[in-house]
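To start, the structure itself, in structure tokens.
Per-chain residue numbering starts at 1, and chain names A, B, C and D are given in the order in which the chains are listed.
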Amino acid sequence: MILHHFPGGIHPNDEKGLTAHLPVENAPVPERVFLPLSQHIGAPAEPVVKIGDTVKVGDKIAEARGFVSANIHASVTGVVRAIRDYPNVFGRLAPAFEIETTDDAPFHPKKNREDALSLPPQTLIPFIREAGIVGMGGATFPTHVKLSPPEDKPIDTLIINGVECEPYLTADHRLMLEHPSEILEGIVFLHHILGARFTYLAIEANKPDAIKVMEETARDTKINIVSVPKRYPQGAEKQLIKTLTNREVPTGGLPMDVGAVVQNVGTTFAIREAIRWGKPLIERILTVTGRGIKTPKNLRVRLGTPLSEILNLCGGWKTTPGKLIMGGPMMGINQFDTRVPVTKGTSGILLLPRDEVGEYHPHTCIRCGRCVTVCPMGLLPNFLGSFAEFDRFDDAARYHLLDCIECGSCTYICPAKRPLVQMIRYAKGEVLRRRKKAAKK
Amino acid sequence: MLSEIISLAGIGLLASLGLGIAAKKFAVEEDPRLEKMLEILPGANCGACGFAGCAAFARAVLQETAPPNGCVAGGESTALKVAKLLGKKAEKTERRVAYVACHGDRSVTRQRFIYQGIDNCRAAVNIGGGSKACAFGCLGLGSCQKVCPFGAISIEDDLAKIDPEVCVGCGLCVEECPRDIIHLVPAASTVQVLCSSQNVGKAVKEFCDVGCIGCRRCEKSCPFNAINIVNNVAVVDPAKCRRCGICVEICPQNTIQFFLPIVRKASINSEICISCGRCEKACPFNAITGERGVPYRVSAERCKGCGVCVEACKADAIIMLEES
Amino acid sequence: MKDLLVLSSSPHIKSPETIPTIMFQVCLALLPAIFVGVYSFGVRAAWIILLAVVSTLAFEAASQKLMGRSISIRDGSACVTAILLALNLPPTVPWWLVVIGAFFAIVIGKQIYGGLGHNPFNPALVGRVVLLISFPAQMTLWAFPSHTIFARVTDTLSGATPLGWAKTHVMTHGTLPDTLPFHISQAFLGQTGGCIGEISALALLIGAAFLIWRKIIPWLIPLAFIGTTFLITGAFWVANPQHYLNPVYHVLSGGLLLGAFFMATDMVTNPVTTLGMLIFGIGCGVLTSVIRLFGGYPEGVSFAILLMNATTPLLDRWTRPRVFGEVKKK
Amino acid sequence: MGHYFYVLIGVLLVHNFVFSQFLGICPFLGVSKRLETSVGMGVSVIFVVVLSSIAAFLINRWILVPFKIEYLQTIVYILVIAALVQLVEMVIQKTSPVLYQALGIFLPLITTNCIVLGVAVLITQKKFGLMETAVYSFGAAAGFLLALVLFAGIRERLELADIPWAFRGIAIALVTAGILSLSFMGFSGLVK
């Protein structure tokens, strides 16, 4: 298969050796879980249980409000103690369920849809929607929306994203090693729904064991297992589509504009569970890693488990605390409050020791152009950063500010250590705010 | 000699003829008042009038889609000049100023993490919600300072301060502040609550030494019912406040402060005073004493400058004296 | 503050490359040229380089102190400027000229623009061109390499560089002689006259190879620069070898290699886009050739790079790369 | 043909009016803040210079010399230039109000742009023919446009620079112009 080249990219140490060999462990069910009403992109879900209600694991406790939204399910059996403001991943307070666990039994499926493939494709989507599945690579976009493209946007390519290009993270890697046939079944379901002509499972070349396992599992199918070169951000949606199909998602567009749908392997696994067993999204696999944690692990964790529980389980900080990150080191969100719960989009927890964080001494841009070389979107991050610094948002917008995917390559490579992503994010926020204001007028 | 005159005149004539034709052909209508108007306006292009810059505002005024007193930054004097230019009467504008409802600087407010990033409040607030432990506190990274076209804002010890003498009330900082803790108030009001924390008292004390803890002492002591606790924080109703400053004295956290340091005292003109005693009854602080028949006297020590007596006086014998 | 966590925007890992590491490697890459310079022109060359470094650092520190800014001499950029300036001076240069050059390079060329990153022109070249125009006599007094470390540089004559000799000879005699008084291998190894750092092509190429291998400098600019110069001078040589010098001399002698690999590649003053770099390199080559072939100066590299520095903002603006997913407007 | 090429290169690069003859510095510093404006200015100057030089040439040849009133040269040239600038101003105001606003006072000040009068006087002095006049005046004004565009690019970049307070604005612009002028000296000797 011919692979195509997207511009830019970087090659950081992948650091996957810390956890790649560790089988996924089941984390004990916590005493209390905290389930935010908004764990996805779109409108927050609407509670359907009251304080004091007893809920069983897998029960729907909040309903999607609108099309772009997702259901929330109880991740434990217990009593709803409160629906109150609770710290979220962005360091703010947001409404969340507080459920006190009374029974740590796992989810027990009520049905077994062995005949799912004989059902009409469109009837499978409600199962996914009902299970509250969102993109589990970190984007948390509701999956049923992605699977329901408008009529004028036919889908011919289904891409399963097992690239996991973020350094440190190994959750998807372990999932592919340990549950290849379940992932395969998920892919078959997705293929059934979309009726795509081409189906790819892309895995980064640094996971030869996963490639081998998946190739063996998918031997008799039409699924192409593609080994893609190790290069960050190979796993970004637009870059992956370009690599596999040579199609470029137009600026401001979506993958469906070029007839492609990309699903993460974790999501695919969850889809399989939802369709086959009617199992809602109540747990996920995540990697607890970094040189700051005593015992790195791959864990299967109930959603809503506070970070503190997971840190305790892994022995806590080994070194002077530096950074606590939810997600990978390139796009993860920095945390300071260990009350923050694991949500649908948490792919990993990364602890960096203080001496790996370093001091903050940004220099002025020396125009070395390294950011331009590595930008996978062909942007000029140095100019975007400078424009943001001087509040010249119109200029920034002319330089395609809004096309930035915030992958962090520019900031990684910058020898002047400028926080380019933050500047760009700030400018994006301002551009959108100003547009909204102008639209109001 | 003649040839000089003829040739010079000829060239001049030719040129003027050409220009005359061009002027007809390329004529552009422009209101001559526009330029004058632009001279009058401050030229800061702050946008507080709601138009994109002074020129846009001037055009709008000329087309009568904006009021002559629409320029916030220029205030009354500019409004008068604009009105004069248009031959209209200026309506009065009330001067407003902005203040920062937080005075938790570095020494009194705790941090919850070490922030590494650009000096910009709007960007910093997206990193863990800001490094100051109080989620309602001034981030002190100077976004308001940067946006102020008049240089009225300074940052000291991670805290923004607005100079009320320089501030023209354009409101750009109000819009810029990601915490929404900068407010526009009538310049005449002088008592401000320098805290916006909606946390309960205990939490406030954990974060900050000078935050409003919602103890309600100000609410209880205000003679005019002008200060109330709303969402765990004291709020002054400028319409009711008489600037007596009781709340300033009583606040245990030093959260309520005078805005402009002006001291007002009532003064009774003994020649006009008819010794009716109405002021004595009206004064909430027992600062006025006297007997029937003798002009009443104000105790400077007790008078808080609320001005209730001025309204109570039937003879217009009381005026408020201001000293800074 | 001790146990507080650190929070920042993503990404949370950074490449180990910093400004000082870049500058240090550039200095390292200049070592062969320095060595050949000192070997050829004796201890005096070493003193000139040292004086340039010391005075440059002193000017940088003093000017930053004066402006109340933090002193940044440790980032190594001033050191690179100093070495480049010194390598671009003839070995006979009086000491005070070095100090003046250092002043113009650092203070006028860099600090008053706000320091590293803001200067539109290469500081070392600003220093050199100021000297070249203000003190033409001292700046064109060449010495033949003596290859004795302690030799006194007294045996001086003007126009001793291959390019200068050719230009003067054509001017006085109308044509070039059949046999040249120098040989290609001499220019390659550093046995012709010239500035301290420019005489040995081999030494410069070793340094350049190191920088390109370390990805400190892009290969595109030097390639375009040298290639264009070679092609243009070559074309004239083919058309009229009696009048024009062999293009190999144009490449190997004079400041072309030093300029192309170490000064045109100054990241602060060249374009950031690939197409911009290509045009920049070609422009440098065209201007260098034009000045060398037809101009009053025998050498045009410095002027060419400075002129192209001036076009950098425009090139950056007009050669914006195609954005991923951008549809060409019809 | 070669002669005209030398005339053009000579006045465009070697004897560039801004960088080596130091004429037209006022608009050069005044309207080089933004690239778009500087292009507008440069093109207007080309228009005015070429037309006025040709007019000056014709007036000189057919009026001043025959009537032996060459001493009126300056005043007549200024008259012609002023009229042309007026015309350009009207055209720009009509066709591009934005450019008109941006150029502001510098548009009528083309009248006093030394390059315009300078070119007119020089072509008379150098006893150029009509074609030479056209080429020379175009080259001179194009050189001004070149200088302006280069300079505007750099100044736009300097807007994002952290220049010390003492050097902001005109100070740094003059320093930059000086360095550019030095670089243009590299062209010396190209054309005699």
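Please note the rule applied: contacts are C-beta pairs under 8 Å (C-beta built on N, C-alpha and C of every residue); 3 or more make two chains touch, one makes a residue touch a chain.
Keep in mind the model is a prediction, meaning the values are calculated, not measured.
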{"item": "Top-ranked pair of chains - ranking by C-beta pairs in contact", "value": "A-C"}
{"item": "Identity of the chain that, by mean CA position, is farthest from subunit B", "value": "C"}
{"item": "Distance between chain centroids, defined by C-alpha means - subunit A, subunit C (Å)", "value": "48"}
{"item": "Rounded Å distance between subunit A and subunit D, as computed from the means of their C-alpha atoms", "value": "60"}
{"item": "Geometric centre distance via CA averages, subunit C-subunit B, whole Å", "value": "57"}
{"item": "Junction residues of subunit B, two or more chains touched", "value": "112-113, 116-117, 123, 126-128"}
{"item": "Interface hub residues of subunit C, defined as touching at least two other chains", "value": "4-9, 114-115, 117-118"}
{"item": "For subunit A, residues that touch 2 or more chains besides their own", "value": "91, 334-336, 357, 360, 364, 389, 419, 422, 425"}
{"item": "Category of the chain touch graph - line, ring, star, complete, other", "value": "complete"}
{"item": "Sites on subunit C touched by subunit D in the complex", "value": "67, 69, 108-109, 111-115, 117-118, 120-121, 126, 129-130, 133, 287, 290-291, 294-297, 300, 302-304, 306-307, 309-314, 317"}
{"item": "Of subunit A, residues touching subunit D in the complex", "value": "364, 386-387, 389-390"}
{"item": "Contact set on subunit D toward subunit B in their complex", "value": "59, 63-64, 67, 69, 72, 75-76, 79-80, 82-83, 86-87, 90-91, 93-94, 97"}
{"item": "Subunit C-touching residues of subunit B, taken from the complex the two chains share", "value": "111-117, 123, 126-128, 131"}
{"item": "Partner subunit B, residues of subunit C touching it in the complex", "value": "1, 4-9"}
